[in-house]
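In order of appearance the chains are A, B, C, D and E, and numbering begins at 1 in each one.
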Amino acid sequence: MTLNWKYIGRRFGQMLLTLWIIATILFFVFRLMPGNPLTAYIDPNFTKEQQEILLEQFGLDKPLFQQYLVFLLNLLQGNLGTSFVYRDDVLRVVARVLPNTLYLMLFSLIIAYVVGVLGGILLAWLRGKKGETVGIILTLFTRSAPQFWVGMLVLAIFSFRLGWLPSSGTGPAGVTYASEWAKFTSPVFWKYMLLPSLTLAIYLLGLPLLLMRTNMVETMEESYVTIARMRGLSERRVMLKYAARNAILPVVTAMAVGFGYAIGGNVVIENVFSWPGLGRLLVDAVTMSDYPLAQGAFLLAAAIMVFMNFVADLLYSVLDPRITVEDMG
Amino acid sequence: MIEMTSILEFFRQDKFALVGAIIYILFILVALFAPAIAPYDPQEMVRVDGRIAFNREPEKNFKLGTTNMGRDIFSQLIYGARPALTVGFTAALFVMVVGTVVGLVSGYFGGKVDSLLMRLTDVVFGIPFDPFVIVLVSFLGPSIWNIVLAMALLLWRDTARVIRSQVLSIKKRAFVEAARVSGASHSRIIFSYIMPNILPLSLLYGSLAIGWAILTEAAVSFLGFGDPSSISWGYMLHDAYVSQALSRGAFYWMLPPGICIMLLVMAGFYISRGAEEVLQPKLRSM
Amino acid sequence: MSLLDVRDMRVYYKTKKGIAQAVDGVSFSVEPGQSLGLVGESGCGKSTMVNGIIRVMAKNAFIPSGEVLFDGQDLTLLPEKEMRNVRWRDLSLIPQAAMDSLNPVYPVEDAFTEVLTLKGNMTKKEAHARTVELFTMVGLDPDRLGNFPHEYSGGMKQRAAIALALALEPRLVIADEPVTALDVIVQRQVLNELKRLRSELNLALIMITHDISVVAETCDNIVVMYAGKVVEKGSTQEVLENPLHPYTMGLENAFPDPRQQDKELISIEGSPPDLVNPPSGCRFAPRCPFAMERCLAEEPPYEEVDEEHQHGAACFRLSETLKLQKLAKEVETWQPA
Amino acid sequence: MSWKSKIASSLLICLLFLTLSGGVIASQGDRVIRPIYVITRPQSSAPDEYETLSYLTAMMTELGIDARLRVVPWEQQSDLVWFERDRWDIAGWQMTARPERLDPDEFIYNLFHSSTTVDGYNFIGYVNPKYDAIAEAQRVTVDPEERRELILKAQEILVEDAVYDFTVHPMISIVYNTDVFAEDSVVDMAGMGIRNFWTYINIDPIGDQKAIILNSGETVQAINPFYISGTVDSWVYELIYDRLMRMSPEGLPEPWAAESVEWLSDTEVQILLRDGMKWHDGEPVTAKDVKFSFEAPMTGEVPMYKPFVDVISRVEIVDDLTLVFHLKRPWAAFEAASLAKINLAPEHIWGPLFEDLKTRPENAESIQEDVPIGSGPFKFADWKFAEEVVLDAYADHFAAPKVDKWIVRFVTNMESTLGMIQNGELNFLASYSGDASLLENLVSRNPMLSMVSSVDLGYRFIALNHNRAPFSDPAFRKALVAITDQEFVVEAVWKGYAVPANSVIAPALEFWKNDELKWPQGGLEQARQFLKEAGYEWDNKGRLLYPSGQVEEHTPSF
Amino acid sequence: MAASMNPKGEDGYVVELRKIKKEYPVRQSLFRKKKQGQCLTAVNGVDLCLKEGDSLGIAGESGCGKSTMGRLLLKLTESTEGEYLFNGEDVTDLRSKEEMLKFRRQAQLVFQNPFEALNPRFTVQRSIMEPLTIHGIGSSTEERLGFVKEALRKVNLQPAESFLEKYPHQMSGGQLQRVVLARALVLKPIFLVADEPVSMLDVSVRAGVLNLMKEIAEEMRLTTVYISHDLSLLQYLCDHTAIMYLGQIVEYGKTEDILTKPLHPYSKALVAAIPTLDPSKRPEEVPLSNHVPSPVDLPEGCLLQDRCPYVGNACRGSEQVLTDVGDGHLVRCDLVCANNGNLKFEGGKAV
């Protein structure tokens, strides 16, 4: 048994192709946006020449196709262009907020998936009892409530009424973390992250929970589970090692894909909690017509999504020895 | 295609689905008869004794109070069912139709068509949804139709994948093979043999999409990209947020639209949950 | 004392339509070292009964009455915790779906290690040695211990299942359709293996199958079930050569035999009764060509006619056996009226 | 594979055209006035504008005009208004307060002089030679009293012509924590509220907390003395960088880094620098630095500041602390718009940077120092992207602040800010666009909070496009002004936290403000009167018609 | 030279396969075994000829390619190589819809699993009428209904009217299989393939279906192919039987001959393994080892070489050829041919 590099290679190639197509669509979508991209930045007092200098500076004076080629070439070199607003390299701007988004995502996903998987097992175990119905209703509540709405209520209660947790940002005013690592390991940072990530986790919780429950109910019907029981193994062992271990496979995939989803989907949470992350940056960039930045942030989110899809595929075949490549579509 | 009796049977058997259906029906009725139920025009700044009634708390004339611009919240809530249902149902329809067609064609014909469509699905899977909606809406202008469009362009992806794998398995089933042996044409096989069997599944995804659409509309509205010309619940929440209903303690403004969204989204989940049990007869026997 | 003595066992299911009497008053016993074939068509309740004996049942199944005496101890009364100790140590199972009986995400050895360490109190090292021994015993290559179940062929999985059933040297093994899903050549090999091991280890075996030829080749005794009831039992040879119950006769007629080329295949028309509302008399009566009015109204009791072979049946026309046997060979007899 | 993207993009283009062309129904060539599109930003970004214009739309409908409210994002709105000056009809707009706008020149000249109709601030296309003459005259009239007469006259003409449909001057309401700061240590600057430079250096911490923590809804984009970026950015660089003069709390330019500013003639100004000033890195501030700071924008590498130094012909260094500015022509607003506007930047840092820029396509705006060095009362400490900017007090400054730190936090959630000022996460609520009555309520509930409301220098108005009939007709414009019920807007939209506006000059600028303006009011009745007098009629369906002889020449546009 | 089953190149066959081969691409996996071919050979150069009224049984273990054979015969899957003549016409590559419809009308299938073979949403009437509608047989619904009832009567589902409105889930396995048969017969085909027609049915009802099929095939002079892993069933149904192993026919002859005196070592083992009610009559067992080669990695020479107790060096080198050992009995084993069909195994050694 060796790793099938040919397959991984092909899959990787597909990933790049997908990214390229997304980049292309993005490029044209942003170029076709109504409105002069420089409106917000060209002071009306500028002379025609000054405006032209600016256009030239951003490479907007060239024909569209040529711009596209330049864009692709730059992309290959990891150059996403210059932000109109920040007058800075897009990648650098994005890199400043990306860790925050990743922390938030990661933390809330972990909470959501740990609680979700355990909850799913519990509900499957309670199948047919009252507790199951109550559990499902509660879960569906968390999944149906608009995120920002929950966020606002959570803020109002925990931050402003009870004053337990801070309401915005990644740290108290004027406090600087010495390094990204220092930030990550600081309890203060975690205190700031708790509210937004819990809000996000509440929303994310539903999917793994319900998925896990359904899978559990299904795998509990599998003969190897019944037979494990016949072997006189304890109920806990049967539930965890047999039913849950198999039922968790699609949940793990869902998590990898969910991570990709969440990276783009956290715009709302980041805005409610004034969290300096990718989603907020993207919304700001769109509102301010900073299309190189919007494009860059979008592309990065897409790249993470595509990559996580790729990881999900690989992960699945690692976790489930039965799976073949064709099964993964 | 699906017998009326079996639908009734389905709702009779699954209490969740029944509750879901009742919620849907209630909201549809509310939407249809909104002008009859709502005491005021939702856009009207209501005057009391010649003065605009701002920020009224719930009282006899204003069952849920008024907004900071003196609009009747109850009336807005009633009218809000319209865009919510419109967005929900049209988006779900698109998601269902596009997803089902792509999945069906891809799974049934296989080969190059399949790989092409699946690559396309990969591409669509690579596009982050919320940002895409925001870009599209800021690009095409804030309108519920553009939100629907964004959903139609992206959200068929899950449906397509699931339908495809379902078609792949149905395609291999003996009765489809039997139809081929009988000489049935592709269209006959698709419409008489495969479609009826995947339709419940696409309906399931459709009902999930209703929830998605409503939540998306709300989120986009919240971020300020919403359609101000139609008073949806998402818009109401946004309005409440911008107008600081929370700081004002106006829970009568902040809560009802959120609860309505939750109920409607949940109704979709309820129905799909019921459908899930029906689609997996293995579970039903227990 | 019998090793296993099942007395008037009943297992019912709660269904939407009502209560299905899947196993309804079944009695039989197995002596140490003896092999018993439990024969019947799908839905006759044979698997349900096994599940009832080992007490791992579907959630909607229950045992309204009956005794399962294992070594004199009534398993139906045992608390779940003690029952868990009985499972596999004293009484193990070669499952019907051996193909799917192993956890797909763990290597095959894992199931052995688990059983041997948890139920057999062995160390990991001992467990491994024992597993290798078991593998060799059933004719599997110990090199493949680390493979995943899906990498095994059907025959290999079945052998592994047998090895696993024997791991703790139980006194009774229940084999539920152990060869049904296998190709004939492999089937033959597995049956031979089972036979050999049984005599080597002096195991008691209950073989559950719909295929009487499998029983004919492996079992000392046979129990024929129909619609949740025992219709006939006795030593295998006696039952096959001298069937007492019309159902047994019909079953033999329907079974093709390549060594009897001139034999005409005859089927039993009709289908088994609905177990929620079973017929009030003999459950086979609606399909039985020899049914009398009494058969439809009254339930025939089980009667032993040959004490030596413990051969008996539940039929009102036991006295006419010879006549019936003759008639049963005729195609016309089984034609629907 | 690129066909896919082609299809995707062409699909989007098609959709775009469908959307845009949706509402276009030609109605040219008859007397019925075309459907008028009223453009506003979304409620989320500008709730007041949205509400005001939706009100106006309703009133116009009453008047027999087919008015339609169109909500567009800010970029599209500004793009349309600025770059397609013959395509729109009515748009909501606003002018915001900036210290340099304390001098009337920018509003009087830039907004309405005919020379700025093409690509300047006069996007409404107002052309009136009589007005042009006055606007030009006030620029070169250095004598304040004389200039005042001109400004008053200019305001009168603007009212007569109903150039804008003014709505209100909003109130700036700012809350601060009196447990942290001494109550009388904030400075209410004319037209700017207490959120201003003077407050920051004067505010007196009396508790344990020595930092002023304020909020902003926007993030800081750049900290660069040669780049005018976002609003919050200007708060930051106003503090880091000194200027020769600053607008005083009363709204007049007064010497700041300059010890004295002396007009040698109408075109010569002599500056004497304060002695002993130091950059944040310890280097002394010299006349050379000042000369550099004013000459850099002339090079073209600093496009945004160029207009403010255009009038300077040369800067002459007399000695280390003395310079003379030679102007090309007299400019009444020179002190406010140039001396109080240009940031002083150290030549020893920026000189080499500018040398470097000569060889690169970028300009000075793209430079971001890791630690910006200025000479102002605060020095740069930290910038957490999209989260906060921290400045430390510069103790060596001649006007050293009383607080230790100045911290601006970027809080997107406005609702949150109210909670934050209560729970102490903020101690100075600098930026609040919501309902001011809530602030009042907040303050009344929290004894440690105090609120100061002041009338804004800036104003809100409804821009009417003079390039297109019927808005080219002053009578028509007056009718619109008449139906814009300012009291209603103040009450309903602003909840009382605004005052009606009738001029580009805010009431706060008592010296320049014309108090005797007769602003048309009177509602629908008066509006109909105006229209009838000008020859407009109504058809039997109640639709407004142009005066006879005039037909619709424009297509509805958006 | 490979023995063809139509050595004289005669005409007049209903079905004629020439060197039919079917390969499937190999599924890829993230982890792969070191040695692996690119494709799986399911059917490996099969020749087959059937005249009107012929009935052939194809037997073999699972994975031997017998089901693929059935699918190839019905053109449910396309062959990779080889030719297929149906009624003298080349149907290897049917392009036009009309030709395909014509073929479909004449070649029909009885499925393994009757519970699956009927559309669960169709009534019996609709299921059987469907082929008539597709082929435009009968001018009116009444006329078609007549055909449907006729077909039901033919498969002994009587009274036909009582079954018309039933759904599959309301019927028993035996009844369903009859409906499936009726559906196949309603088109009056000339060629019928039955893939494990009774394996899903209860033993007690199998005989009925088998007898019915046999009767009908004789009555309608159908050319039939029965596919089964159970040789004992084939003896009731087929004149001739072909034993398949790893995609090849290893032995072909009269069913009786094959059951009583199988020649090929594999056939011997297969026949010997058939369970019987009377174990004392069991023939001598042939101990095949378990080393079944992977169909993606077939050995050169005889495909049974790794399992066969008689294997010699010659078997490993050269490809075995299907050879007539007299009386139309074909065997693919050089050893058997060389020893005139006498191969014996005693005490662990081939004699």
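For the reader, a short list of remarks on this structure follows.
Here is the rule we use: a residue touches a chain if its C-beta (ideal position, glycine included) is under 8 Å from a C-beta of that chain, and two chains touch if they have at least 3 such contacts.
All figures in this text were calculated on a predicted structure; none of them were measured in a lab.
Under the contact definition, chain B and chain D share the contacting chains A.
Averaging C-alpha coordinates per chain and comparing to chain E, the farthest chain turns out to be D. The interface with the greater number of C-beta contacts, when A-B is set against B-E, is A-B. Distance from the chain C centre to the chain E centre is 32 Å, each centre being the mean of its Cα atoms. Centre-to-centre spacing of chain A and chain C amounts to 54 Å, using the average Cα coordinate of each chain.
Here the spacing of chain A and chain D, counted between their Cα centres, is 38 Å. Rounded to a whole number, the gap between the C-alpha centres of chain A and chain E is 54 angstrom.
In chain B, 123, 138-139, 223-224, 241, 246, 286 are the positions where the chain touches two or more neighbouring chains simultaneously. For chain E, residues touching at least two other chains: there are none. Among all residues of chain C, those that touch two or more other chains are 59. Of all the residues in chain E, the ones that touch chain C in their complex are 61-62, 172, 174, 202-211, 229-233, 235-236, 256, 259, 269-279, 281, 285, 288, 290, 292.
Residue ranges on chain D touching chain B, taken from their complex, read 4, 12, 15-16, 19, 42-45, 47, 50-51, 54, 69, 71-73, 75-76, 414-415, 418-419, 434-435, 438, 442, 491-493, 495. The touching residues of chain B, when paired with chain D in their complex, are 43, 45, 52, 54, 68-70, 120, 123, 138-143, 146, 149, 223-229, 238-239, 241-244, 246-248. Listing the residues of chain D that touch chain A in their complex gives 1-2, 4-5, 8-9, 12-13, 16, 20, 45, 73-76, 78-79, 82-83, 110, 116, 119-121, 123, 211, 213, 219, 221-222, 224, 227-230, 300, 303-304, 306-307, 361-363, 365-366, 368, 381-382, 384-388, 390, 405, 407, 409-413, 415-416, 418-420, 422-423, 425-426. Of all the residues in chain B, the ones that touch chain E in their complex are 173-175, 177-185, 188, 192-193, 196-197.
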